[in-house]
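Step one of this worksheet: look at the structure below.
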Amino acid sequence: MHAETHAQAGTSERKAAALAAFKDLARDPGVPKPDPILVVDNVVRRFGGLTAVEVGHVEVQRGSITALIGPNGAGKTTFFNQLTGFDTADSGSWTFNGRAMNGVPAHKVARSGMVRTFQLTKALSKLTVMENMRLGAQQQKGENFFRALVPSLWRGQEDEITERAEDLLTRFKLDAKRDDFAGSLSGGQRKLLEMARALMVQPELVMLDEPMAGVNPALTQSLLGHVKDLREQGMTVLFVEHDMDMVRDISDWVIVMAQGAVIAEGPPGTIMSDERVIDAYLGAHHDAPLSESELTAQLHEAEAALEAEIEEETQK
Amino acid sequence: MRRAVIAFTAFLGGLIFLLAGPAHAGTADCQGLKGTLKLQGQPVNGAKIAVTTESGQPVKEVTSNAQGTWDVQVDKPGKYKVTLDVSSLPKNADVRGGNNVRTPTVYEGNCSTVLFALQPKGAPGQQPADTDGEITFWEQAAQLTFEGLNLGLIIALAALGLSLIYGTTGLTNFAHGELVTLGAILAYAFNVGFGLHLIPAAVIAVAVAGVLGYLQDRFFWGVLRKRGTGTIAMMIISIGVALLLRYVFLIFFGGQNEAYAQYTAQPGVEIGPITAAPKNFVAMGIELTVLIIVGIALLRTRTGKAARAVADNPALAASSGINVDRVIRIIWASGGAIAALAGIMLGLSQSLKYTMGQDVLLLIFAGVTLGGLGTAFGALVGSLVVGLFVQVSTLWVPPELKSVGALVVLIIVLLVRPQGILGRRERIG
Amino acid sequence: MTVPESAQSKAAVTDRSAHLEGAKDAVLRCDELIAGYLPGVNILNGSDLYVKEGELIGIIGPNGAGKSTLLKAMFGLVNIRSGTVLLKGEDITNMKAHSLVSRGVGYVPQTNNVFPSLTIEENLEMGAFQVPGKFKERFEFVAELFPALKERRKQRAGSLSGGERQMVAMARALMTEPSVLLLDEPSAGLSPKLQDLVFIQAQQINKAGVTVIMVEQNARRCLQICHRGYVLDQGRNAYTGTGRQLANDPKVIELYLGTLAKA
Amino acid sequence: GGGGNTATQTSTSAAPSSSAPAAAKGDGTLTLGTLLPQTGSLAFLGPPEIAGVNLAVKEINEAGGVLGKPVTKYDTDSGDTTTNIASQSVDKLLAQKADAIIGAASSSVSESVIDKITGAGVIQFSPANTSDKFTTINDKGLYFRTSPPDKLQGRVLGDLVVADGNDTVGILAMQDSYGTGLADQVQKTVTDGGAEVVERVDYDPKAADFSADVAKIKAKNPKGIVLIGFEETAKVIAELVKQGLPADKHKWYMVDGNTSNTNYVKMPKGTLDGVKGTIPGAAAPEEFQSKLKEIDPKLQDFSYAPESYDAANLLALAAEAAKSDAGVDIAAKLAEVSKGGEKCKSFKECVDLLKAGKDIDYEGVSGPVEFNEAGDPAVATIGIYQYGANNKYATKALEYRTGNIAG
Amino acid sequence: MDWITIISTTLKAAVGVETVLYGIAAIGVNIHFGYTGLLNFGQAAFMGVAGYGLAVTVTVLGLPFWVGIAVGLVAAVLLAILLGIPTLQLRADYLAIVTIAAAEIVRLIFRSVAFKNVFGGSDGQRGFSDGFYALNPFSEGQYGFNLGPVPLFFNNRQLWVILVGWVLIALACTMVYLLMKSPWGRVLKAIREDEDAVRSLGKSVFSYKMQSLILGGVIGSLGGFLYGLAYASVQPDVFGTETTFYMYTMVILGGAARVLGPVIGSMIFWGLLVLIYGVLSEAVGAGYITFMDTNQVGALRWILVGLGLILLLIFRPQGIFGDKREIAIDAR
C-alpha cells in the first residue's frame, strides 16, 4: 500500500530537508523562508466594494508542500488567479524563481513552471481522457504548425508522453477511462483528471485548488503518496484544501487566509491549535488531530479483520 | 435693417427659377439648344446668347424673346458651347454660380435644354443655396439622432424577442428575422386582406404571432430539446427554418413591397429642429413602453426570474420546481409576439417585403451583442447605439455605407468591453 | 470515539431479498434501476435502494460509481431505462423533476448547483418557486444557517467562491420544506466548520421528520450520522448496512474509506 | 399557369455528342430557357418578365411556331448573387439543349454566367441588364439585350429636369449598376445643362431605412429630386413626405424602375401629384398589360415585361430568318430582323412578311429595338409620364422622345 | 419529366464548380468552427478579399495572374490578422457577430460607389481569368462519359476549374487530416472545449487561434479564387453572410470536426438543391403540379431545402460522419 509506506517513512530526505527549513521559522504571517520559490508582495484585488485579496507578504519554500487554508470566500482561489495570470491584480508584485511575474499572461506563467488546477474543474469534454493528459506535456514538437504536418518528427515524443500519461492515469485510477470523453467523467473523476493533467506539465511549482474535494477517501489516501513523491522529485506543491486530515498528513507548512489577508502561518500541528484558526475556520470539531501511530494501529486492525475474512471465505 | 432687406431679396432670388417652355416641342423637328431666361419669375427679354462649337467656331447668336426663350438649331449633333452675355442682362441680374458658359451636347434629332439661373445682384455669396432653406449641421444632426432613436427602438424590440429566446434556450435563432416579417405580414393580412383598421389588425396579429410562437415551441423546438439536440445543431436548424419561412412568405406575399392601408406616407410635422410623422412618435412610445415593461418583468416577476434561471441551468431550474417547458413556452410566446410587434412597427415606418426581417437581422444581432447577450436592457441599449450610429454616421460617411459605421462601432465597443455594454464577465477558477 | 459492540457485526453484501423485505413500507424505493447517459452504456446496473419515513441514508462509493447518477435518476434528471422508482407508493419513474418538487422532494446537485447569473437572493427565491409565500420566512432560516449569504444577498452567484456556491446550493434546497431531501456531496468544498454545520444540520432536519438521502465522499462523517448506508460500486450496490456496520467493515474501509481520516 | 409551355415533347433520348455544341446544328426545335428571378432581391421583377416571355411564346405557337414546330420553353430561377444558384440553372438549361436563354435580370448575375452560356454557343438575351460592361464584354457575339438603355433615359430625364427649371437637383439613386448608371447619366446631363446637382445619394436598397439618405437631400433643399430605383422607392417617398420634402414643394422625377401604377396607390391622395417619370417604349401600355393579365392574373407590376416579350419575339423571328434554331445562327440574324426593312409589330405579322421573303424591322412594345454590333439596342423611345392626384400616372405620355442611344 | 436531365444535372452539381468552391471554403470553416470552436461567420469575407485581390491586381493594376493569386493570399492572411487581433479574445457567440459585421463591412466596401474605380461597385470586376485558362491542358471541347443513358460532360473550362478544385480539396483534406491528428490539432480541439484550461497548461491560446484563423482563412480564400476563376468575374454580393451560412450548413451536414465532413456536406447541399429544383420545375412544366406556377418554383425549392436541412439535422444531429457520443456530451 502506497500511502502507508510514505506515511510511515515520513523521514525521507526531502521531507526532512523541508522540515529542517521550517524548523526555526517564526510563526508570523509573511515570515521569510530560507529558499523561497515564490515571493508575493502586496497583492490586492477588489471586486467593487469587496476586497477579495489583500496579501501583504508571503513566501513559499522550495521543495516543500505548503497548504493554503481559510474559510470559504477567504480569497484563496482569487489569490491563485492573480498569481497565475488568470485575473489582473489591482496592485502588487510577485516573483517566481526570482522572475517578476505580474502582468505575465497565464500561458507564460504556466510555461515558466508554475501550474495551477481549477477548483471548478475544466475538463476538455470532447477530448478523450488520454488526449487531455497528452495536452499537458510541454515543449511538444508536434505543437508547431509545420512540424505537425510531418508525423515522424513527433511520433517518438508522443509515445513517451503517452507512456508517462498512462502511468499517471493508473495512479489516479482513471486508466479504465482512458479512451472515454472527459465530458463523461463523474465529478470526482474530473478532479482527478484535472490534477493528473497538471502533473503532465512537470512544473516546478504545482498549485492545486482543492484537489481532493469530492474524491473518494481511499483514493485520496493513495494520491497523497503520489503528492509526496512529487516533493521527492523536487517539485514544490502549494495546495488549497478543506480536508484537515489531508493537510495534516502531507503538508510541511500551512498558510492561513481569512478575508483576503494572510492571518497565520506555521507547521500543521501548531496552526491547528491556533485559537484564531479554530475560530474562523476549523470550528470545534477538528481540534483533535490523530497521531500517526493511532492511525496505523487502526489500519492494522482493519487489515487483520480483512485477512481473517478472506481466510474464512477461502475456507468455505 | 438694410441687411435684413438684402437677406430677404436673396431669399427671393433663391426662389427664382427659370421655366422652360412646356416640353412638348415635337421631337423630330428639333435638333439644337434652347432655354428660357427668367428673373424672379419674370421673363428676361433681349439677353444675348452665343453658341459656338466645342472648338470655338461660332454657330449662331440669338437674343431671348419676350417670353424669355431662345432657340438655336444646329446641323450636326455634338458638343457645343453656350455663352450668355452678362452685360446684356438687366442691371440687377446675375447668373447664379457666376459661370455664364455651358457646354451641353446635342444629340441627333433632339433638343437639349440649357439653363442659366438668374438671381438679383448683390445676393450675398455666390452660392445662394447656403441661405436657401438650407439646414445647419446641428439641425441635421438632430434629425439624424431622432431617426437613430426611431430605428434603434424598432431594432431593440426585435432584439428583445431574440434576446429572450436566446437567453432562455441558448438558441441563436437565425429565423428571428422571419418572425419579424411574420408579424408584419399577419397584420397586413388582417389590415388589407380582411379590411380591418391597422390598429385592431396589429393587435390581432401580435396575438396570433404569440400563439404561433407558443406552438412553435410546443411542436418543434421543444420536441428537439427533448431529443437532446445540441445548440449548434439547433442553430443550423434555425437557418433551415428561416429559409422555409422566408420562401413561404414569398409564395403567399409575393416579392414586391407593400404598405398598410393606413398611415402610409403620412406627412411630417415640424417639431423644433426635426421633422417627423405623428405615427413615428406613437410608434416610439409603444416601443419604449413594451421594452421597459418586458425588461422590468424579467427582472422583477417570478416568471421573469424563472426565465433567467432556466437560461442559467435548466436542470437545476427543474430541480427547484420550475416547470422548464412551461417557462420556455411563455418566453417563446412573448418573444414571438414582441418580434411581431417589431415587424409591424418596421412595416409601419418603412414598408413590407418578404425579406424585411432578414434585412434587419444583422442589425438586430449587432444590437443584442453590443448590449450583452441575454440581457433585456442590454438589447435595448445596444440596439439604440446601433440605430444611432447607423443614422448619425451618415453625417460623415456616404449613406450607402451607413451600416459600416454601426458595425465598426460594434467591433470597437467589444474590443473595450468583450462582454458587451451591460454584459458581465465570467469568473474564472 | 469508542467503538460500539455492533461494530463486530459485518455489513452485508446486498441481496435482493433483504431489500424487498426492508422496502415494504418505504417512502422512496428504487428497484433494479438501469440508467445511463450515452446510448448503449449503462451506468446504473440494477441498483436497489429504499428509505423509510424519517430515515437518513448515506450513499458512498468510489468516484464514478454512479452515486450522482442514482440520485439524478430518482429525481427524473437521467432517463431510466428499466426499473421503477416509487414515492409513497406512487410510480414516479421518469417523472419530471418539477412535479417531484411539488410532491415534496428536494435535491442538491453535486455540480452546477447554482444559477450563476442570478443573485443569491434570487437563487433562493427560485428555491421557493412553488411556495413563494414562504420565501421570507425560509430566507430568514437559511440566513441564520449561513450568515455569509445574507450579507451578500445581492451578489451574483456566478462570482461566488466554491464554498459560497455550495452554501447557496444547500440553502436553495432548504427553501422549500421538502419531505424527502436528496443531497449530492453537500459538504464538498466547505470549510471544516461549515462541513460540521452541514452534517449537524442534515441530522437535525432529519430529526424534524425529513427523510434524507445523502451522497458523500466525506464518508466517515456521513456514515456516522446516517441510519443506514449503501456502498455503490460500478452501478451496483456493493454493501449495505447500518452506518456503524459499514464504517467498521474492514473491506469497506480498505476499498472506500481509507484510513486517513477518522472522524 | 402560363400557357404556351410545350415542354412535354422535348426529345430527351438524344445522346450528347462529345463535340463542342457551338458547332452543333440545331435540332429543329427552338428551345428557349428563362433565367429570371423567382427568388432573391429582385424576385418582384420575375413575374412580369416571365409573363412577358410566356405571352410571346403563346403568340408564337398560336401563329404556328418557329420552323414549323412549337417553341419549347424551360423556366429556371436566377436567384440573386447572394444565393449563387444561377449557374446551376444554366447547367440545367444547357442540359436541356436551350438555344437561347432569356435572362438574367440582374447585371451581376448575368455577368457571372455569361461565360458559361456563350461558351456553349447559346444566346444570352437579357431583358433588363443595364450595366455598360456588356457592351464591351467578350461574348462571342452571343449576348443581346432589350433592356431600357440608361444612357438615353438618363439624358431624357436630365433634360426634363433642366427644362423644368430646377437649378438645384438632388439625386437619390439605388446603389447598383442600374441605379448608378442612370444616376451618372442624369447627373452629367443636368450639370451640362447648367443646373447644379447639389447632392447625390447612392443608397443601399436593402438598408433598414432611408431616413438618413433623405436627410442628406433635405440638408441641401434642392428644387428637383430625382428618384432612381425600383420599388423600394415607395419607402423613399414615404420618407420624403415625412421629412417635409413633398412633391408639391419639390419636383420629383422618377424612372422606369419605379414609375408604377400600383406601388403608391395606398398613399394619401395627391402625394405624387405632378410627379414625372420616364418609361422606355412607345406603345400605349394598357393593351399590352391587359394581355399580360390574361397570362398571369396576379400581376401587379409590369416592369420589364415588354422587354422580355420583345426578347422572345426577336429570338423567334431571327430563328425563322436564319432557318435554324442553333444559337449561333440566330445570333447572326438578330440584328437583321430588328432593323432595316418593313416595319411590323407582332410575331405573326413579322413572320408572315418573312415567309413572303421580305426584310423586316421588328418594332417592339419596349421601343423600336434596333441592335448595334455589340448586341445593344441602338435606338429607343422614351415616354414621359405624369402622375395625377390619384397617385397613378396617365397612360398617355406627355411626350415621347426617340433617339440614338450612342452619342 | 425529363429524368435524364435531372439526374445528369444533379450528379454534375455534386462534383461541379459550386460544390468544389463551397466545399473548400467550408473546409476552412471546419477548421475554425469544427476544430477550434471559433464561430467565424465571416468566412465569405476571406473568399471575397481573395477573389477581389486577384481581380483588382489583374484588372486594375494590370499585373500578371500569379501576382494576383499572391495578393489574394496575402489579403486573406492580413484579414485574418486584422480580424483576429481584436476579436479572438471574445466569447464564441460574440465572435460570431463581430465576424459577421466584419464580413459585411468588407462586402459593403466592395460594392460601394465610393470605391467603384477599384472594386467595380455592385457589378464587381471581370476579365482576370485569362492567365488561369491559359494553363488549361484541355483543348476546347466536351469531356466526360455516359453513365448508362445519363450524360456527364463538362466543357474544357469547367473541367479545368473542377480539376484544380478537387486537387486543392484533396490537398486541404490531407493537410487537415495530418494536422488534426497531431499535437497541434489537439491544442485546437482543446481550445474549443475550454480556453482557460489550455492556458493553464502553458499553451498560447491566442497564437493557436490566430494560426487556425489564418489557416482556415487561407483555405477559404482558395474558394474565393475558384469562384472568381470559374465565373471569370467577382461580384460583392456573392460574398455575403448567406454564403457563410451555407458553408456552416455544409459543415454540420457532413459532420463538424470530420476531415471529409465539409466536402460531403457541400456535395449533398448542391446535389439536393439541384435535384429538388429539377424535379419541381419539371413537374410544374409537365403539368404534374398544377397548384402553382413557375414563379413559385424557385421559392418552393428553398422551402424544401430548408425542410430537408431541418429533417437531416433532426434525424442525424451529428451530421453524416459525426459521432453521436459527442452530441450526447454536448447536449447536457
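As written, the chains take the letters A, B, C, D and E, and residue 1 is the first residue of each chain.
The rule is simple: a residue touches a chain if its C-beta (ideal position, glycine included) is under 8 Å from a C-beta of that chain, and two chains touch if they have at least 3 such contacts.
All values reported here derive from a predicted model rather than from experimental measurement.
Shared contact partners of chain A and chain D comprise B, E.
Relative to the centroid of all protein Cα atoms, the closest per-chain Cα centroid is that of E. Between A-C and B-D, more C-beta contact pairs are found at B-D.
Distance from the centre of chain E peaks at C, each centre being the average of the chain's Cα atoms.
Here the spacing of chain D and chain E, counted between their Cα centres, is 33 Å. Distance between chain A and chain B, defined via averaged C-alpha coordinates, is recorded as 61 Å. Each of the following residues of chain B touches two or more other chains: 247, 250, 398, 400, 403, 428.
For chain C, the set of residues touching two or more other chains reads 37-38, 159. Chain E has residues 108, 112-113, 196, 292, 296, 299, 301-302, 325, 328, 330 in contact with two or more other chains. Chain B meets chain A in the complex at residues 428-429. Residues 3, 47, 70-78, 119-120, 173, 177, 184-189, 191-192, 210, 213-221, 224, 242-246, 249, 281-286, 290, 294-296, 298-299, 301-306, 309 of chain A are the ones touching chain C in the complex. Listing the residues of chain B that touch chain D in their complex gives 17-20, 23-24, 27, 35-36, 38, 77, 96-97, 102-105, 107-110, 112-117, 129, 132-135, 140, 143-144, 147, 150-151, 155, 247, 250, 254-257, 259-261, 264-268, 270, 275-277, 280, 346, 349-351, 354-355, 359-360, 363, 390-391, 394, 398-400, 402-403. Touching chain E in their complex are the following residues of chain A: 84, 86, 105-108, 110-111, 115-118, 122-127, 131-132, 134-136, 138, 140-145, 147-149, 151, 154, 158, 181, 183-184, 197-198, 200-201.
Residues of chain E that touch chain D in their complex: 2, 4-5, 8-9, 12-13, 16-18, 108, 111-113, 116, 121-124, 126-127, 140-144, 146, 149, 151, 153, 155, 157-158, 231-233, 235-238, 240, 242-243, 270, 273-274, 277-278, 281-282, 284-287, 290, 292-299, 301-302.
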